[in-house]
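Shared chain: subunit A. Partners: subunit B in the first complex, subunit C in the second.
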Partner chain A sequence: MKSVRKDRLLAAVAMGVALVAPAFVGPYGHYVLAIILIYGLVALSLNIVTGVGGQISIGHAGFWAIGAYTCAILVTKVGLPFLLCVALGGAVAAVFGLIVALPALRVQGHYLAIATLGLALVVQQVLYEWTSLTGGRGGMFVPRPQILGYEFLDDGPYYYVILAITVFFTWVTVNYRKSLTGLGLGALRMSAIAAQCSGVGRTYHIITAFVLSAFMTGVSGALYGHLIGQLSTDSFTLTVSLSFLTMVVVGGLNSVAGALLGGVFLAYAPELMRELKDAQMIVYGGTLVLFMHFLPGGLASIPERILDLARARR
Partner chain B sequence: MKPLLSVKQLSLHFAGLKAVQDVSFDVAAGSIVGLIGPNGAGKTTLLNCLSRILNPTCGTIDYDGHDLLKRPVHRLSEIGVTRTFQNLELFGEGTVLENVVVGCFPRFRSNMLSELLSLPGANRARRAAYEEARQLIDELGLTAHVDTVVSGLPYGIQKSVELARALAGKPKLLLLDEPAAGMNPEESRQLGQTIKEMREERGITVVLVEHDMRLVMGICEKIIVLVQGAKVCEGPPQAVRENSMVIKAYLGEEEAEDA
Partner chain C sequence: MLLALLISGLALGSIYALLGLSLVLVNKATDVVNFAQGEMAMFGAFIALSMMVSMKLPLMLVFVLAFPIGMLMGALIERIMIRPIRNAPHLNLLIVTIGLWFAFNSLAGLIWGYDPYRFPSLLPSEPVDVFGTRVFPASLGVIGIAIVIMAGLYYFFEHTREGTAMRAASMNPRSARLMGIKVTRVAMLSWALSSGLGTVSAMLIAPITFLDQQMMVPVVLKAFAGAILGGFSSLPGAVLGGVILGLSETLLGAYVSNAFKEAFAFLLIIAVLMIKPTGVLGRTARKKV
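Moving on, here comes the complex of A and B:
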C-alpha cells in the first residue's frame, strides 16, 4: 500500500533492465537471464503460498517437474502447439496443487513440509520409473520452442517469450496480493480463528492458493524444459525443492521484488557452488537459517534496513 | 416476540469434563445480555459454541431462523454474527485498515479470476470494502492510526481495532469476550457507553462475557450466571444480585468488597 509511485518506478526500471540486458551479454548470458526469470516465476508462486499464506512447501520441485514433463510430452508425442502445452503443463501441476492442498488443510508447519516433500519424492520416482512416457533414467529430448511456425533456435529470442510470461504472472501475483482473497489468506496466516470469524473460509483460500501457485510453478517447469532441451529426473531432486525455498527466503518472503531477486540468487548460486555437488544442500540449508535469523525480510529488505540504520545514527 | 437467539439444552463435554451442561437461554433482539460466573465456569466455552469455534456435544442454537450448528464458523459473519476475543486476535502485521477490511469480507467478495486479472468488477468491490472500512475507522475515532501496523499500537487501541473489525461485519448479534479486560474503571465506563450506543445507533444485540461487575450490572438487561458449566440463575441485574445461589457461588466476595 505504501508508496505506490516508488513501486511503479522500481517496476519500470526493472522492466527496462530486463528488456535491454540481452544486448550486453552473449549466448550463455541469454541462457542465464532466461533461468533467472524461470526461477523468478517459481519464487513468485512460493511468495503466494509461503509468503502470504505461511504454508511451507518443499514440494514445488514436484510441480515444476510435472509442468516440464507434461509440456514436453504433449509437444513431442501429441504434437500440440508449444504455448498451449505450457498452459496445460501449468494446469496439470495445478491439479496436483489441489491434491497437496488437502493435507495442508489438516496439518501445519513441519508436518506440511514433510507431506509436500513426500509429493516431490513420489513425483520424481514415478517419472523415473515410467520409462515409456518419460524416458526414465535416460531422460527425454525436448525440441526448441515454436510459436506460429517460428522456431526459437537461440535463447536470446526465447528469453523474450519467457519475459512476457513472467511479466504477466508478476502482474497476477501483485493483483492477488492486493485482492480481498489475498488479504484473507494473509489474515488466516496471522490468526486463523479471527479470520474465520470474519468470514474468511480456510478451505477455499488454502486450496486456491496452492492451485494458483502450482499452476505458476508448472508453467515455469514447462518453459525450463524447452530451455535446456532435455529432461531427466536429476533436474527435479530434493536439492531443487530446498533451493527453491532458500531462494524465496533469501530474496524476501513478503515482497514481489524479493521473489524476483530470489530468482537472481538461485540462477547464480549453482555457478558458485558447482564443485560442492551434494554438499550444496548444506549450503542452502545454512543460508536459509542465516537469512531467517539475521535478515528475515530477505535481500528485498536491505534498503529499508539501511534507512533504519541511518535514522538510528542521527 | 421471537427471540433473536435461542439456545436449548446446550452441552459440551471434553472427555470427562463437562465444560457446558444443559444450558438454555433466549436473547431478545436489541438486548444486551451478560454471561457471568467464576473462572472456569464455561463462559468463554459457551461463547465459542455460539461462534462455532467449538462443536457442542448436544443441544441446539437457533439464530434468526438459522440453525447455527449447521453452519461452519466462516459462514456466521454473513448472517450477522461476529465477535471479539478475550486475548486479542488481530492480524498483527496488517495495518488497522487492513484488519478492519477483513471484517467487511463476506459482503464484498468477487470471483478470484476477476481479482487475479484485476477486472473492473473486482476492483470496484475492493475499493468499496476499503471505503467502508475507512468510514468505520473514522466513526470509532481511529483515524489517526488507519495506516499503522496494529502490532505496534497500545493495548487499548488494539481492543478498539478488534471491535471495529467485528462491527465491519455489520452484525445483528455481537459476541464480546471480556471486552473490559485490562481496562481501568474510567475506560470500562466508556466502553459501557460505547456498547449502549452500538445498540441504539446500529440496532446490534450484544452478548458479552465479563468479569467487571459494575459494567455488567450497568448495561445488561439480562444476566445469565454459569457455575461449573451449568446455568444457576438468569434475570435482570437486580434479581441476579439478590439471588442467594449466585451470592454464594460468586457474587458474595465481590459484594463484600464493594461495601
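Moving on, here comes the complex of A and C:
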C-alpha cells in the first residue's frame, strides 16, 4: 500500500509542475513543453505494446503520420471541428494498427517488428506519391487548433489542451496495466505458453494492445500537426520511429513514469545534440545498445537500483 | 523481353536470397532477428570500396577479401554486443540490433559522406545480344557468384565437422553442448558467416543501386520478406523465397506499376503471414513444455 501512496504523491507533484511550468518559460518554452507531452503520449503507447506486451514496433512513426495527416486533411478539406478530427486521426491509425497486428497473431517471434517496419516505409511512400491529398514533397499547411470558435493562436493555451488529453491517456494506460487485459498481456510476454494454458487468449490481448497503442499514437500525431502548423514527410521517417524507441528505452520500458520521462528526454535531446548534426543517429543507436547492456530498466529503474545496492551493502 | 526480365529478376532474387540466408542463419543459431544485417553489409561494402580506391587493389581481389572482412566484423559484433547479454530477454537483444542498425547507418554517413558512390561491377553492365534478347553479363555474374556461394555453404553445412556442429547446435543447444560442441563458438561463427554473406551481397547490389548509406534499407526489407516467404527457419526456404520475390518484383515492375513496387514486399509479408505463416519450406516449431 505504501508504494501506491508514493505513486499518487509522485503523480500529484508531476501534475503540479505541469500546471505551473508554462508560467516560468517564454513562448519557445511553451512549445517545448507541448512537444514533451506529445512525445510522452507516443511513449505511453509504446509502453503498452513494448513494455507490457514485449512486442517491438519500429513503425510508430507510421501511425503518427497517419494520425497527423488524417486530422489535418479533415480539418482543412472537410472542415470538421478540431477535437473530432483528433479523435478520428486516432481512429484511422487504430485501423492500421489492427491491419498490422493481424498477421502477427499467426506466428510466434518478432514478425511484428518486421511488419511495422514495412508499414512505416509504405506509409512514407504513399504520403510522398499521393500529392493531391497530402501535398507530397511540398508538405501541407495546418491551421491553428480551434475549439468552439476559440482559436488557440499561442502555444501556451494549446499546451493545456494537450495536457488534458495526455492526463486522460496516462489515466487510461495506468488503468489498462492494472486491468485483467493488461495483466494478461504481461503474462503473455513472460510466458506465452503458461499464459495460454491459464486461459489468456493471445489474439484478443495482442490486438487490443496494438489498436489502443496505435490510437494513442495517432492522437499524438494529430496534436503534433496542429502544434507545428505544417506537415512534411520528413517528420515521419524511420529515424523518427527509432527515436521513439530510444525514448521508451531511456525512460524505462515497463513504467508509466519512465514513459513520460522518455518524452522529456526526446524533447531535449535534439537541443543538447545540435552540434552533432548528422551524428545524432549514432547517439540514438548507441544509447539503445548501452541501455540494454547496462541499464535495461531505463532511468525509471535508477531509484530501485540504488535501493538494491544500499540493501546489498547492509 | 521476357527472357531479359527473367534474368535480371533472377539476379535481383539471388541477392535477396544471399541476404535472406544471412538473416536466417543468425536467427537459427542465436534466435535473434538481426535488424543490423543490411547496414553491416553496407558498411562492409564501403570498406571494400575504400580498399579499392586507396590501396588500388583489383576488384577481383577485393571480392575475395570481402568475405573474411565481413566475417571479422560479424564475429566482433557478436563477441562485444550480443554475447554479454545473451541470457537477457529476447526483446533486449532485438533492441540492441536495432540500435546497431542506426549506429552503423549513421557512422557510414559520417565516414564516407552522404553522396552515392559508383561501385564497379565485376562484369560489363552493357547488354550483349544473345539469340535476339539483350542480356546483361553483370546479371549473369551475380547469379553465378550466388550459386557458387550457396554451393559452398551447402558443402560446409552437410559435409564438414564444423557445419554439422552448427546444425546440431541450432536443433538443440543443450544436447549439442553435452556432445562437446561449444555453442557460444557456434553463435560467433554464424554471426561471422552471415556478416560475410551480407557484405558480398551488398557488393553485388551496389553496382545496381549505387553505394550510399541508405541503400540497404529497402533491400533488407525485401530480404526479410523473402526469408518469411521461405519460412524464416529454413536455409533453402530463404533462397527460394528471395528468388521468388526478385522475379515477381521485376515482372510486376515491368508489366503493372513501377511506383508501388516497393510496397509489394510489405504486402507479401502480410499476405504470407495471414495465409501460410510457416512459409513455403518452413516447419512449424513445436515446443516441449
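As a convention for this text, the second predicted complex is superposed on the first by the 302 of 314 C-alpha atoms of A that agree within 3 Å, B and C clash if a C-alpha of one lies under 4 Å from a C-alpha of the other, contacts with A are read in each partner's own complex, and residues count from 1 in each chain.
Throughout what follows, contacts are C-beta pairs under 8 Å (C-beta built on N, C-alpha and C of every residue); 3 or more make two chains touch, one makes a residue touch a chain.
Only a predicted model underlies this, so the values are computations on that prediction, with no experimental measurement involved.
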Report task. Answer with first, second, both or neither: which of subunit B and subunit C does A:Q125 touch in the superposed model? Result -> second
Query raised in the report: Taking the superposition as given, does A:I302 touch the first partner, subunit B, the second, subunit C, both, or neither?
Result: neither
Report task. In the overlay, work out which of subunit B or subunit C sits against more residues of subunit A. Result -> C
Requested in this report: Give one of first, second, both or neither to describe whether A:I193 is in contact with subunit B, with subunit C, with both, or with none.
Outcome: both
Report task. Determine, under the contact definition given at the top, whether A:A113 touches first (subunit B), second (subunit C), both, or neither. Result -> second
Query raised in the report: Which partner does A:G184 reach: the first (subunit B), the second (subunit C), both, or neither?
Result: first
Query raised in the report: Touching A:I58 in the superposition: subunit B (first), subunit C (second), both, neither?
Result: second
Query raised in the report: Of the two partner chains, subunit B (first) and subunit C (second), which one does A:L84 touch, if any: first, second, both, or neither?
Result: neither
Report summary line: Interface residues of subunit A shared by subunit B and subunit C, listed 193
**Report entry** For the subunit A and subunit C complex, residues of the former touching the latter
**Finding:** 50, 54, 56, 58, 99-100, 102-104, 106-111, 113-115, 117-119, 121-122, 125-126, 129, 193, 238-239, 242, 245-246, 249, 253, 278-282, 284-289, 292-293, 296
Report summary line: Per the touch rule above, subunit B residues touching subunit A in the complex are 51, 53, 72-78, 82-83, 85, 89-95, 97-98, 101-103, 105-106, 108-110, 112, 115-118, 122, 125-126, 129, 147, 165, 168-169
Report task. Enumerate the contact residues on subunit C facing subunit A in the complex. Result -> 33, 35, 81, 84-85, 88-96, 98-107, 109-110, 114, 217-218, 221, 224-225, 228, 232, 259-260, 262-263, 265-266, 269-270, 273-274, 277, 285, 287, 289
Report summary line: Counting only contacts in the complex, subunit A reaches subunit B at residues 1-2, 171-172, 175-176, 178-184, 186-187, 190-191, 193-202, 208, 212
